[in-house]
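The two complexes that follow have subunit A in common; it is paired with subunit B in the first and with subunit C in the second.
Let's look at the complex of A and B:
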């Protein structure tokens, strides 16, 4: 089989499953940012702007919205990399079925990563549209927030697939949410500048891909990021993604090719 | 059997999981067009052998070729020509009956159009056409099994691997599966199956190996194995529970071989009716006495001292 054919067929499988839920899923992808930006950006943001004149010299809504796109992609990636993947490994065993065909374990991983990318694209594009409607990011460059956010999500997708490949039940997923995703969401620079954190937490935050992804998305939307900073903010998530990919492949091999 | 005719060739084939040896230096060959069986109890190494043939599980040591190819190097090429019916259903519960076949056809790189054509043809073959739009959840166990078989046939495989194809099915559903497998065999599809049902092995297999504790205990056609390891007839006697231990060897000279099981005594003999008469002449009064032909169950008992289904 041609190198990418197996990967394409794994994506097609996901499309077939998604066909049943796409309407609801796209509606959620539109209304979630609408409520978030209205409540946090306009409502809470109004207070912030009146008391301190915005954050880092821009209105709170402008500060908040781009980072939320990256954070939304991380949440989408995390969910897609947990339950559906574990179901295919051990509950429904559909990976076992696929591996009885010319499809390989590498095809499975590549296909899932491509699919998660497509899911994140839908989420990020809808979010960008809502942000635009709220009057933020009226520049061509602000569209770069979409790939920046997808990259941030990918930095979580492959390490979480690797984690899922080791699971015998879904208990660990709640822990990942509670101890990784939510703390990062709250403290990773999305809602307030990382510089406001105690120094130790600042160091910790900058070691994670979310802080860099948020900084990158915000930078391209506000048009105030230098090329060298942008390169660093892209390199960190990319490194997490690449390392996760290698480890996920090795762990899935161990799990499925016994 | 010449090598060029062998679809599968195994020499000293071994599979270990840590300290556990699941398959221990077994030799076998499967010829084109044959229906070949692995008969043995659970844990004998049948599934491990099947997974190695399917190119999913790496060989620990020994030689294994399928279509003359090494599964470690040509896995996808081999699997493109194989059909696999796994022991546990791996159907996709999120998709409909027909979608399960369609996506599988894509995994084999068939076009959507060709996949649709084959899916409809196969749903007819396994008598599930009316259920094609249903979710898999709604099917009975026998229907799921037939759908799994249809799915395994989507690439028109030369070789079909079936791991315990009818375990857990009711008698009617089993006969329907056997009938479909028999038709495939008639079309020239090579069948390799594992089973712990001796009647399944006798129904379907031209040739089989008896596996026990990771090794092959015997090999031949069902008829040959029965001739070699058992007598023509078997007399089964049931005694009242407290009397059976008291028999204490006094039937020994009435048959070529005797097996004392917890609930009955088996007398292996060429002439069962004559053996009954002899038992009665001794003044023994069994509660029931049944003369039957030898089966593979008797072969297994002879080879291992245990029955197939514990």
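Let's look at the complex of A and C:
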């Protein structure tokens, strides 16, 4: 229990900050999926269904919605792992203050990871609800899209925290966004099957945790993923998460230890 | 001239805006990489949505019995959106920072440069920045064979300038009403549905008539309509409506921004 106490303090800190802004944040978590599923799923999906009868044998909305949950978690994780963390390292020096108490650097990382998980849970749960309202994923198993999407986000959270731990200013964040997050979002299997990409890009896409996370979320919602495929699609994001965690811890130690 | 008469005098024609523009060019000299990377995003959207997703979508009807490939349909919409986004970002977030924190304009108006010049100069700068992106995007479109005629390409850059002007003026005017950073979320909440529903990714003919009429009076829809007409070569008189709409929007924005800026700065 003593092991957990420090971690919980870091989570509590985040909750207290979030209390001031949660209304706007919840509204955005609801309206964003609503707008996206209406425009891309129903509007654009209508064009897709009329020509090719959907994608991989399902209507386009059903293909798109689960993958978008995973992608939304990745975006949430990326934002939370960049500016707020750097602010606490060097601008506000919150970590310096926390480390003057019994809270350890491991507590800081565990606490931030738990907090990002909570943030992603809110995003994924709202998204799942909107998806349900659109008539997709009416099975108990489709709820598994929520943990699958959170896992996908975690695969980005810890490597990005590691990156943030090396930063002296926020210039690199725009680059991560433009050259990693957005390309993966647009080309990584969310909007159209990876098989439509040129072969070299297909190989690259399957090396990223997003492609596997999207495939896993889609598989559990559509109920067409085999157990062995599901295990593989979960293992890749998990590996990114674990490696990121170890590296982030080492880099934060180096940065914060005096 | 006393402060009171300066606050109530009629607005001057902003002949000294060039100094405000020069200030921004100097301020950005070391940050050009930020400006350059902004070009990357619409191109990715073009590849991902236009071609990737477009491979699942058949030719799209653009009215009057015309159909175009999906990439050709989406590309002009992305160009208009990118002109809008660039202008809005520059005229809201960056302008707000200068107004509220850097106090740039307090310093500016101590010189012969007036509030009218400052407001117009900010708009011109946002337009110049948007223009660079538009030219880059048109070159990519041309290379991918998404423009019907070379004239369409040239005119679409001019149209993007007009779109940038209208949205920069609108953004500047709105920003003068802002009190805090959280107000920017409201702008995002307006921009996102405009981006998704203004005939960007599918024709508005799928909506019921009343909704079609509503979308047709929004500024991004008019912008996309204008550029799409030019790049697909379907030019008719309705494009003049778009031009008139955007010119009026821009002029109203500049006047409101100047009046508000004067109230705020000349205390």
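Everything below uses one rule, namely that the second predicted complex is superposed on the first by the 257 of 258 C-alpha atoms of A that agree within 3 Å, B and C clash if a C-alpha of one lies under 4 Å from a C-alpha of the other, contacts with A are read in each partner's own complex, and residues count from 1 in each chain.
As a working rule, a residue touches a chain if its C-beta (ideal position, glycine included) is under 8 Å from a C-beta of that chain, and two chains touch if they have at least 3 such contacts.
Computed from a predicted model, the values in this text were never measured in an experiment.
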> Sharing subunit A, do subunit B and subunit C clash or fit in the superposition?
Replying inline: fit
> Of subunit B and subunit C, which one touches more of subunit A's residues?
Replying inline: C
> Of the two partner chains, subunit B (first) and subunit C (second), which one does A:202 touch, if any: first, second, both, or neither?
Replying inline: neither
>> Here's one for you: vertex at subunit A, rays to subunit B and subunit C, all C-alpha centres; what's the angle to the nearest 10 degrees?
In response: 90
>> Let me test your reading of the model: by the given contact rule, A:257 touches which partner, first (subunit B), second (subunit C), both or neither?
In response: first
> Thinking of the overlay built on chain A, is A:13 touched by subunit B (first), by subunit C (second), by both, or by neither?
Replying inline: first
>> Contacts for A:101 in the overlay, against subunit B (first) and subunit C (second): which applies, first, second, both or neither?
In response: first
> When the two structures are overlaid on chain A, which partner does A:46 contact: first (subunit B), second (subunit C), both, or neither?
Replying inline: second
> So, does A:5 touch the first partner subunit B, the second partner subunit C, both, or neither?
Replying inline: first
> What's the minimum Cα gap, in whole angstrom, linking subunit B and subunit C in the superposed view?
Replying inline: 14
> Which parts of subunit A are in contact with subunit B and also with subunit C?
Replying inline: none
> Can you list the residues on subunit A that touch subunit C in the complex?
Replying inline: 21, 24, 28, 31-32, 35-36, 38-40, 43-44, 46-48, 50-52, 55, 60, 174-175, 178-179, 182-183, 186-187, 191-192, 196-197
>> Going by the contact rule set out above, which residues of subunit A touch subunit B in the complex?
In response: 1-2, 5-6, 9, 12-13, 16-17, 20, 92-94, 96-104, 256-258
> In the complex formed with subunit A, which residues of subunit B make contact?
Replying inline: 17, 51, 54, 56-58, 75-77, 79-80, 82, 84, 86, 88, 90-95, 99, 102-104, 106-109, 151-152, 155
>> Looking at the complex, which residues from subunit C come into contact with subunit A?
In response: 34, 37, 40-41, 44-45, 47-49, 52-53, 55-58, 60, 70, 182, 185, 189, 192-193, 196-197, 200-202, 206
